[in-house]
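Chain naming follows the written order as A, B, C and D, and within any one chain the residues start at number 1.
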Amino acid sequence: MVDLLTIIISKYNYWGYIVLMMIGLYAMIVKKNLVKKIIGMSIFQTAIIFFYVSIGMKKNATIPIISHGHDGGEHAVHAVDFINPLPHVLMLTAIVVSVATLGVALALAIKVYQQYNSLEEDEIDSQIKVK
Amino acid sequence: MKWFGFIAVFLCGSLFIYGTVEFPGWGDPLSPTSTHVSPYYIEKTMEDTSVPNIVTAVLADYRGYDTMFETAVIFSAGIACLFLLRQMKRKKTDFRLYRHTATGITFRIEKGGKLPPTAKEFERIDGLWTPYDLIIKTTGRFIIPFIQIFALYVIAHGHHSPGGGFQGGVILGASFVLFAISHDLRSALNRMSEKLTAFFYTLGVYIYAGTGALCILLGANFLDYSALATILFVDPVTARSHGILIVEIGVGIAVMAVMVILYYNLVSAGKFDEGL
Amino acid sequence: MSQHFPAFIIVIPLIAAFFIFTAGWLKRTYCFYIAAVALAISLFSSFGLLLQVLQNKVVVYHFGGWSPPWGIAYRVDYLNGIVLVVSAAIAFLNLIATKKSVEKEFIERVGPFYALYVLFVTGTMGIVVTGDAFNLYVLLEIASLTGYALIGMGTEHAALASLNYVFMGTIGASFYLLGIGYLYIATGSLNMFDIASILPNIFQSNVVLFAFVICLTGLFIKMALFPMHTWLPNAYTYSPSPAISLIAPLTTKVMVYVMIRILLSVFTPSFSFKSMAVNTSFVWLAVIAIVVGSILALSQQSLKRMLSYVMIAEIGYMVGGFWLANRAGITGAILHIINDAAMTLCVFLVAGNILYRVPGDSFDNLKGLFRKMPFSMGAFVVGALSIIGVPPTCGFFSKWYLITGGIAAGHYGFVAALLFSSLVNVVLFFRIFEIGYFEPFGDLHISGSMDEEEKTFDDAPLGMLVPLMIVAAGLIALGIYTDTLVTKVIQFAIPGGIS
Amino acid sequence: METIVSIRPFLAVLVSILAVPLIVSTRRTNFREGWTFFAAFAKFSIIASMTPVILDGVEIEYTIAQVLPSVAIKLKVDAFGMLFALVSSFLWIVTSAYSIGYMRRLKEHSQTRYFCYFALSLSATIGVAFSANLLTLYLFYEMLSFATYPLVTHHQDMEGRSSGRKYLLFIVGSSIGLVLPAMLFIYHMTGTLEFTQQGFIAGIVPPKLIWILVLLFVFGFAKAAVMPFHSWLPAAMVAPTPVSALLHAVAVVKVGVFCILRVLTGVFGTQLLFSSQMDTVVLYLASFTIIAASLVALSQDSLKSRLAYSTIGQLSYIILGAALLSPKGMIGGMMHIAMHAFGKITLFFCAGAIFVATGTKNISQMVGIGKRMPVTLSCFFIGSLSVIGIPPGGGFISKWYLILGTLEADQRFMLFILLSSSLLNAAYFLPIIYKAFFCTPEESLFENKIDEAPPWCLVPLTITAICSIFLFFYPEPFFSLAKIVSVGIFSGQ
């Protein structure tokens, strides 16, 4: 029991991302509205971004900006004092990617709407079947 | 379907949670992530690039190649939207609407009709046109310069504080979007036309990829900014710092322009006429 | 300059994409030529790289001058060297072959189209050449995004199909990203070969297992392995023909390459193939994919849709061959990546040619095509024979390796599935031949004089036919040079431990 | 065995492929057919030029491409391949001439396509004859299947379509479904596919599997039309008669038989067949086919169908000859390839000539036709004699050796089969001729006036008929070739 508790305490960040990711996945699987699906997709991607960012966390460390950088490097820099910069870098990229995907998805959704006058999958399906 | 989806997602989630059991604890300084590659960045960045903001240094230099493709991603998203939505041929309507700027009176001119001689006092509007809201318009005008200044600061100060090309670019883009929202799309297009936007976002990526290509021409590997030292007349480390700045500016321009073009396209469904 | 080839392959098309986009606003006719020059340089560089690889085994290129694992490095070895050449060649040939059709379908969007085209190629080639797991994700997204856009401009329900592709593709790519995240947690590194050097110490870790499963799931979705294939048929059916003859040969095949790369180079065979039970169940999955793909293909009524289902079956070939976990099987899988890419290009180019002349690609529209478009259909026959697996076309030889792999592994289900699929392919393609050849029925003895034959001749323009003929000839050449390919390149691409 | 490397076999294969673009690009019909003749003569002379070498007991090899680690696409000319290649390339010349008469007279459409695919089929046939290994054999076998499809379905009507389907289903289905796995399995077990004199799988493949493999090959090469894989052949008779004549009496079906013989001797080896008792199984399969096909032929009214069923039966003679595993039987089988080819092609030519001249396909409507077309029907008689095996038909020699073979192998039952089949052959051929010539004027359906088919048809069929008789008196070089084969195979015993 105590073990379980320590696991939960030390890993709740991952649990958070999993819950978020599953919400996104649920929306993508179950929802019939295309925009809701797109929202789900966005949540899904954001969850992964959270996951990465939380990997970068380091206890008792500060943001990865060397504040005394202007001194010309007189003070030694210790890795333990700064959190891991790499996940942040990666996630900047991932954020951009998710924005780009979102943009394209929305553009497609607009095209779909122009074509079928609807964003509900059921209605679109029935239109396709009629044709 | 709902229940099936829920059960599937629940099972998947529990599996994932089970998977976290062997993860290192949150913020564990001894985890592999904190001990393998990242310490090098933290300890060497100042030496290598003299950029205090490690994230910026890693973003634009160590993993600069990723970032170039990040720009390319946003560039392709811009083109993709344009490609998908932009309607090149506009339907010509039988009438045009004009509004007298001073009085706010709207005219409807049938096909073949001509404007009164004092044409400069009129502006063309759409069927869905709504008058500007004075408060929003003024507030927008008031805020936008500050946003833009801040954006430029964020781009330029990315070396020393949180910020950089992406963040600054997005903020800069937001200022144009705000302008388009507070006024209307047509006046935004007057300020920042589609071609200008396209020019900007190609310029942005040109700057980035061009810098990289320049490095090849100067005899180093692609994106090895230290090669720029010979033409910037500084030592290689400072050259890296300058190189990072150059590409960050490129990124900023590109991101700004893509944000604007995405907005233009999405909001008017590619017609570029009315919008929000 | 030759040391910069790895950069050229990717960067030249990338920069060209920007130029093309600019040219789209200034003078539209330039777009094509810029794209052609860029892809030609890319093709040339990849050839150069392959030659370098044949000499030095591995070519490494450090971007920004930073050595891995700190910077991003491209690493070209036998495996991706050959895939690279094939992808570059396909992209180039397809560009030339579809010029007319692009002019017809996207009169006003030539600039954006070619920009997206070249960016897609950039992304795909980048995926093949990169040695950094995260960089692969970014490039994957470039390839996917441009792919969504290109498909979305198609006919009928293209936008909806493309949107569904966006959903599935994003889930797939995100799973891959998540898997890389798990690997990053376990190892702290993103470079594939650095990860591979750390992993053996922590093989028993749960995290690595999860990374493995998640990565693989993501890749399976991306490569449309049954039952994650649902996005593919619609997306490929409705997409514009010049785009699909690029996307269909490259996307799924490159994803299979990624799977092979990740499993062989990152997880290493000793982890990937450690349990026979897992291998066998993956092969069974592939068997189901082959059988279901083939059967579903039988029930289709339009050419492109049928070909999409055939492709789903072909994915099964490669995945199954790889998971046979023996030398013949993996050789077959790698060979089939190359061959299938070429075959798919051939048949989809023909579909494009047909759509250039005929209003639709449903079977009703194919009547009398042998008379009308003999050259295109001739190439189609070669492509079809290759897909069926008739010597000396290349499809036969990869099938040969796959089946010998299956026999060697004692997996007769896979062997049976391959034979079954070949037979189904005979039915599929000869049904089309029959329609093109026999219908419309009429008394040819009375009406069929020589003059009339010439009158109905209406094949695609020469600019579309010549590249198609090159591709068709390439299918046979690939078949005849199979052994050279295997002994000079592919056998070195497989790690030594696999017998 | 001495071997020399020469490009000649490859040229022999290639020459008709190279003729295809020439045929396609030529607009004038005379030139187009000129090219066909040119290719046919070139092919025959290349092949004939190799004959003396082969008769000296030398083999000619040529490797086209190395495609798999230990298997190449490779040609090798030996006596057996030579025998088959000589027959088919010579008959191509004759058939080309016949085709011109037939196609022009009937004003068939798409003649260019017809001549192209004919040339392609011949390339494939010669390729099969000269294959040095199983892979090459398979390659040309499939090439032949696909090249003959447009010929079978030449009329492009509903009937052609359904026959085409049946044709492909049997031929391609069995080759992919049965031969390919068997071949792959052998490759997996032995790592080679090269034909040898005594077979190469003895001792490597477990005896139980030999059973399955032999059956896979015998049925898989469905072109040999071993029952129950025979029904494509009658269906394929919708093709124009020259196609039926050359392909479905000589090239295609003989390719099937040739493949079976080649595999039985070159892959399994006579020793292995004998020790695993597979020879008996094949013998009974063949004898069943012989009797059943002859019985069915009796009931056919369409002349071409009757000939088709006759062919099915005669093909199994060849298989039977090989399966006797005796030197004389082998000679008989090999000789029958040549003898039956000349006899049967004459019969088909006659059937075509009758159709061209009168439009009649059915036997019941041929009463009294001998008075109208005496030359054709005389040739038909000669062809029948050869196929039945009555002197002076060439078929007598091959049947003679087959019978000697049964005695040598001590297979009395097979002797009985052969004899009774000959009786059946006589029963389904001779009445046709009898009714054609000897009927009362009232019964006759034709006027008593000579009106033969055009000379382009008539001359070729006369040539083949004369050859048929000629071969009885002078069976060289086929006899020597068959003997070399037989000696090569049985010298080890």
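Basically, a residue touches a chain if its C-beta (ideal position, glycine included) is under 8 Å from a C-beta of that chain, and two chains touch if they have at least 3 such contacts.
Every value quoted in this text rests on a predicted model; they were computed, and no experiment measured them.
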item	value
Fewest touching-chain hops separating chain B from chain D	2
Selected pair, greater C-beta contact count between B-C and C-D	B-C
Closest chain to global C-alpha mean, per-chain Cα centroids	C
Euclidean distance of C-alpha centroids - chain C vs chain D, Å	43
Cα-centroid distance, chain B relative to chain C, in whole angstrom	32
Chain centre separation in whole Å, for chain B relative to chain A (CA means)	19
Gap in Å, rounded to a whole number, between the CA centres of chain C and chain A	29
Multi-chain contact sites of chain A, meaning residues that touch two or more partners	25, 55, 86-87, 90, 93, 97, 100-101, 104, 107-108, 111
Numbers and ranges of chain B residues touching at least 2 other chains	16, 21, 23, 33-34, 37-38, 41, 63, 66, 69-70, 73, 76-77, 80-81, 84
Touching two or more other chains - residue numbers and ranges from chain C	134, 138, 141, 145, 148-149, 152, 159, 184-185, 190
Chain-level touch network, classified as line, ring, star, complete or other	other
Interchain contacts, given as pairs of chains that touch	A-B, A-C, B-C, C-D
Complex contact set, residues of chain C against chain A	134, 137-138, 141, 145, 148-149, 152, 157, 159-160, 162-163, 166-167, 170-171, 174, 177-178, 181, 184-185, 190
Chain C partner contacts - residues on chain B that touch it in the complex	16, 19, 21-24, 31-38, 40-41, 61-66, 68-70, 72-73, 75-77, 79-84, 86, 88-89, 195, 198-199, 202, 205-206, 209-210, 212-213, 216, 220-226
Residue ranges of chain B in contact with chain A within the complex	1-2, 5-6, 8-10, 12-13, 16-17, 20-21, 23, 25-29, 33-34, 37-39, 41-43, 45-47, 50-55, 58-59, 63, 66-67, 69-70, 73-74, 76-78, 80-81, 84-85, 160-162, 164, 166, 255, 262, 265-266, 269-270
Contact footprint of chain B on chain C as seen in their complex	4, 7, 11, 14-15, 17-18, 21-22, 25, 61-66, 69-72, 108-109, 112-113, 115-116, 119, 122, 126, 132, 134-135, 138-139, 141-142, 145-146, 148-150, 152-153, 159, 182, 184-190, 194, 198, 205-207, 210
Chain A residues touching chain C - in the complex, by the definition given at the top	25, 28, 34, 37, 41, 44-45, 48, 51-52, 55, 86-87, 90, 93-94, 97, 100-101, 104-105, 107-109, 111-112, 115-116, 124, 128
